[in-house]
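Each of the next two complexes has chain A plus one more chain, namely chain B in the first and chain C in the second.
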Partner chain A sequence: MSNSAKNAPGSFPASSPGANRALAVGIVGIVATAGGLLLPNNTHAVAHSWLVGVTFWVAITIGMLLMTMIHHIFDASWSTVIRRQWEHGLAAFPWLAVLFLPLVLATWFGPRDLIWPWMNPEHVLHGHGTVANDILYVKKSSFLSINMFMGATAIFFTVWIWLSARLRKASFTQDSDGDLKWTRMNRVTAAFGIPLAALSLTFAAIYWIKSLEYHWFSTMYGVWFFANCVRGALAISVLIMLWLYVRGDYKGILNTNHLHSIGQLMLAFTVFWAYVTFSQYFLIWNANVPEETFWYNLREINADGSPNQWKYVGIFVLVFGHFLVPFLYLLSYKHKIVHSKIKFIAIWMPCVIFFDLCYNILPALKNEHGDALPLVSVNFIWTITAVIGVGGIWLYAYLKSLPTAKLIPIRDPRINESLLHHE
Partner chain B sequence: MAAQPHGLIATFETAPEVYHAAEKVRDAGYKFWDCITPFPIHGLDKAMGVKRSNVPKFSLTGGIIGFCTGMSMIWFMNAFDYPLVVGGKPYFSPMFAFPVSYELTILFCAFATIGGMFFLNRLPMHYHPVLKHDTIHRGMDDQFFIVIETRDPKFDAARTRALLEKAGGKDIKELEA
Partner chain C sequence: MATSADHAAPAILNEVNPPELPRAVLVENNRSFTWITDKICGIIEGKTPAWWWVCFIVACFVASFTVAGITYLVATGVGVWGHANPVNWAWDIVNFVFWIGIGHAGTLISAILCLLRQKWRTSINRAAEAMTIFAVVCAGIFPVFHVGRVWFAWYLFPIPNSNYVWQNFRSPLEWDVFAVSTYGTVSVLFWYVGLIPDLATLRDRFMAAGNKLRATIYGFFAMGWRGSNRHWSNYEMAYLILAGISTPLVLSVHTIVSFDFAVSLIPGWHTTIFPPYFVAGAIFSGFGMVLTLMLPLRAIYKLEDLITQYHIDCMCKITLATGTMVGYAYAMEFFIAWYGANPYEGFAFINRAFGPYAWAYWTMITCNVITPQFFWFKKVRQNTALVWILSIFVNVGMWFERFVIIVTSLARDFLPSSWGYYSPSIVEIFTFFGTFGVFSVLFLLFIRFLPIMPMAELKAVTPQADVHGGENHH
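Moving on, here comes the complex of A and B:
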């Protein structure tokens, strides 16, 4: 059998032996994270690390869900060859739901304030009574109740899994029958799915991350999370396409204009992330109200006024790493189309998104003075193993889904336009 | 001595013809020449060997100037020329200068892009020698042309004409300057 026939776009891609390796990496990562529980008084740190790991991959998968639906709602053509890889990525949602389960079970059956302090009314706040006596909690208690949290989390995953299943089914079935009704069905799914996904990701960001400091509020929070979701998804899909190109599957399919277009989106969402994140900081800085500024103070100085590690994470990783470096880098045309160059930034971006999530989640871990625990500490090991562990499972889900459908949606009405994508 | 002609113009009937002719002219090493088509032909840039536009360099310069203007303007007004405390904030901080700098980055970038585009393509151009060609109006309708200018170092009346003929050009004429 000739090699070209094996790699024809209408064929099913070969399954990758990487799937089992990814699963192994995932299990090792999860076991290593769980190993952190053996250390004394380490449960909080491990739980927060796990939250970083799960939300990181949930964010990327939501980004892929949104990109798929945005593709359909605009009847886009150029992204048709890329869409199939997003659809495979969506296979990870049920796994992510399972991986989120430990947090749900541990807080439901175990210590209620394991991660989210407001879940335990007896939780002692630093310096002022318990959560139950806290007027700022009482006023928010109808929203911040453990039942609401659990119900909402169940709804989020149900919505994501359901939308993914609809999109995948319609797209995969069209490969065999070429019926245009599937394109229409996907457009309908996108039309109601985009608002559903937008609301669910916003509330997920509020419940899972923002409520770690339930005194604090920011109307930008959902948008901040959305920007990270899409950037992460774009970066990971670039890496997947380059991998498929090197493997031979995407030779003759992926052209420089696809990479140029996706690079432009990466640049746009870099600016968007910066716009949103800066606006949040700027409004709080400008208003200078203690009930908002404490969130940034916690990430800048200790109670005694000395700067802590998060200050430098904020300046160097977020301002420079998350915005300035990718922004200046992606301005160049060459950096968007030369494989090795776009690969660099597609690896860089998920790394800084990881640090952004750390910046938002980990300072909720405090010492006895109420100061945020530093980023670089033993706890960071569990954060890394959690991201690798969940990532292994994510990759396993993707690679298991990959051979189940044709390489590209070969009978999509827009596939020819996508293959001939030009400037 | 009679004025040197502007160049040679050749007529083509179809888009593929002009596309392949452009490749031949490109490969022959000409620099000062152009294609006239009634609509954009995808890939013609590449067939002509045209490099990517230099407009982004203007955009970047404009953006940097805009950003610096915003920052220095706010610093000059609030911290230097007329120091004023607003809302208990420092005289100058990049925080509140940022929205202004950001807007000026976009504004100056847009101006530089438009200006740079007009500078590079030399529009508006009220006269061009090809307008004297009898059938040039069909270049806006159903015909395609290639013009090779005499100022091109490779230009040679006989050899350039032969090249255009070989490339499939019809009705090859000399253009008055």
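Moving on, here comes the complex of A and C:
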């Protein structure tokens, strides 16, 4: 029984001492990010960095929520052993809601335009007067109001936490009683949960990211965010499964076909991300209307016409790093099934998703000429510490959840099919 | 590079104790391989039924409307269509996109379901692929004859000519030419490769029955298929590669069709969600048309064991999902038109919902967003007649979607002084009406002379074909 699990699937996985270490890393990251506030005139940069950090991990957790619900709605079998790890990942939502609070509190009690300029009617726009006098703001002010923002954000987290709790409860309870009603309940949850998640992630992307430059608009934006959510979730779940395999828990459970299937999904969503991102860029570039192109211009050139750093982020990190490298890499069967190979791309993908979020969020930080501040600057440090800080808390939430349920859903009606998954 | 450990049953199987939740069988009543062969081949080998002749004659008559319409257009000029400023694009492109959407969906359904290893595709993929090809034929009629002097249509291709006329490669309409022609070619190949083993079966059966003429014809197209291991191995690889090629191709083609509108500056057309929205719409309309075609065939030929309630459930659920995606796109367009605060864009959408074409807009919303919501209910999905009626609504709704997008935006664009109201001419109506006849003629010929389901693939999804005994090996 060379492939037997270190921890039997019928038992609960051992607690990981890594949980406390993850918590420590999270706290250090948060403290380091907060340390940025000590520098003069650095509050905006730290706040934007925090937004990147929280949004990055929220995106991954939404991706796990969607993958869990997609699994149920399709009555999929192969992903049953992976699903349990997505369910543990969902434990992070309440923590993420707490970590979003500083942004809410800072904008509520501090300077209203700390992150989202439209929150302060007196905010001075570059060459456009103030927000209150801006006709483009006035027209959408009923949507872009601080009360609507706060209420919507509360609804988003409530929906995500509620859906996660339902899915987790049904799945974990089935481990002990083996009742099919939990499978049916999760299908029902998925049926209404997918549209709810689609709408909430779309409006979260609009409120949190797109409204940073509220003049700009794109109907594709929610789809772009969705693509990143799913890609991030797939990549992180590969890393988790490989870690569990190394730890011994997933030996005899995880086979190469699981990795092949998840690798194929990673490839498909790489193409999907490129498709929606290119379509958005191409249609705006081709139409060449200033009310849309300014968003990309800000990420390519300065006011004096010279190229800025974001242009190279767009070309090298997004075109090559986000699309071409994973696309070409994942075409190979070997790269999808050999642990070290798929691990490489599973680390690569979250990194480029992080840069994609930076590309969408950080250029909102502008200098006195209205040019986007460069990516590689002292501000970038806070972005990295924020992602590590929130990531530490995310990992803590995951690891604390891990020993609370059996290693795999041993009484899921599709567990046999999943364990015997073959091409 | 699967290891031996991957193929061995994991030891932990002894520890899991899952409840039983049987999966639906894809061929009901434990039908044998012979039964499947006899059932599918019997449709071709039997006497031509009376209903077929009635339908064929009616379809030919309806198709004659298209022939008459385009003959009149060629003889008279493109002005016989109802286009006039400001609506210079109307039923021609509406009908083109309607048919090409259905056309794209067939291969999309077949190829994507193949790549996703959805075994239930076997009952519908052949007819869906045939539908694709016939729909592309119908679609092609409109742009080709809209050029007016159809004998110059070859100018669309970059062929050197004495007038040094060169194509505008920056126009998505030119991209359409390459995309649709490539797509048509690959779709025919995909369909034909899938047919080869079944054509060989027909060849052998006709030979055994002493019908040498038909055996020779089917034999010619079967290209010497003998069913050897080598043949099957090459066939499977070729089919998978074609499915792999077809999938991005079909996505790109409908994306380019969406670019026909989205690259412009016309309010209501220039929106970034158009590419995936058009693709979702194509799948939606495709499943609508597959249901419209397959449910009557199921009843007439008593194919309930092959097109089971599970197949209908799956198709209804995908129709529901894609209809909801289309609804999301409608909502997002409307919301962003308001959020963007561009008065022209905002007006375009208010005008759609409450302007002179509001009747078309609300028909679209009713058919495409509300109708599929009925498929949430199991009782509806189990009522075949109701499913068929709802599928007709889907077809109607998707035609109206293109009409709403194209006509409402052009009829009232930037300049109120140039606003107008478009109505189709009788020639346009006849031409479009006739394409249903063209489509039906081709589909009826397909039913009569080619196997409507892939027999070999159907046999592979029966319990008898499962070497593991059909127990939990999916």
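Rule of thumb we're sticking to: the second predicted complex is superposed on the first by the 417 of 423 C-alpha atoms of A that agree within 3 Å, B and C clash if a C-alpha of one lies under 4 Å from a C-alpha of the other, contacts with A are read in each partner's own complex, and residues count from 1 in each chain.
Assume contacts are C-beta pairs under 8 Å (C-beta built on N, C-alpha and C of every residue); 3 or more make two chains touch, one makes a residue touch a chain.
Quick caveat, the model's predicted, so the values are computed rather than measured.
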{"item": "Superposition on chain A - do chain B and chain C clash or fit", "value": "clash"}
{"item": "First, second, both or neither for A:331, with chain B first and chain C second", "value": "first"}
{"item": "Which superposed partner A:320 touches (first chain B, second chain C, both, neither)", "value": "neither"}
{"item": "Partner chain in contact with A:243 - chain B first, chain C second, else both or neither", "value": "neither"}
{"item": "First, second, both or neither for A:422, with chain B first and chain C second", "value": "both"}
{"item": "More chain A residues in contact - chain B or chain C", "value": "C"}
{"item": "Which of chain B and chain C A:348 touches, first, second, both or neither", "value": "neither"}
{"item": "Touching partner for A:414 - first (chain B), second (chain C), both, neither", "value": "second"}
{"item": "First (chain B), second (chain C), both or neither touched by A:286", "value": "both"}
{"item": "Offending stretch of chain C which, after superposing on A, collides with chain B (from 3-11, 237-245 or 345-353)", "value": "237-245"}
{"item": "Residues of chain A at both interfaces, chain B in one complex, chain C in the other", "value": "286, 333, 422-423"}
{"item": "Interface residues, chain A side, partner chain C - complex", "value": "1-5, 8-10, 75, 77, 135-136, 139-140, 143, 178-180, 183, 191, 195, 198-199, 202, 206, 217-220, 222-223, 252-253, 255-257, 271, 275-276, 279-280, 283-284, 286-287, 289, 291, 333-334, 337-338, 408, 410-417, 419-420, 422-423"}
{"item": "Sites on chain C touched by chain A in the complex", "value": "1-3, 5-13, 15-21, 23, 248, 251, 255, 259, 262-265, 270-276, 324, 328-329, 332-333, 336, 338-342, 376, 472-474"}
{"item": "Complex contacts: residues of chain A adjacent to chain B", "value": "278, 281-282, 285-286, 288, 331, 333, 422-423"}
{"item": "Touching residues (chain side chain B, partner chain A) in the complex", "value": "42-43, 52, 56, 60, 87-89, 95-96, 98-99"}
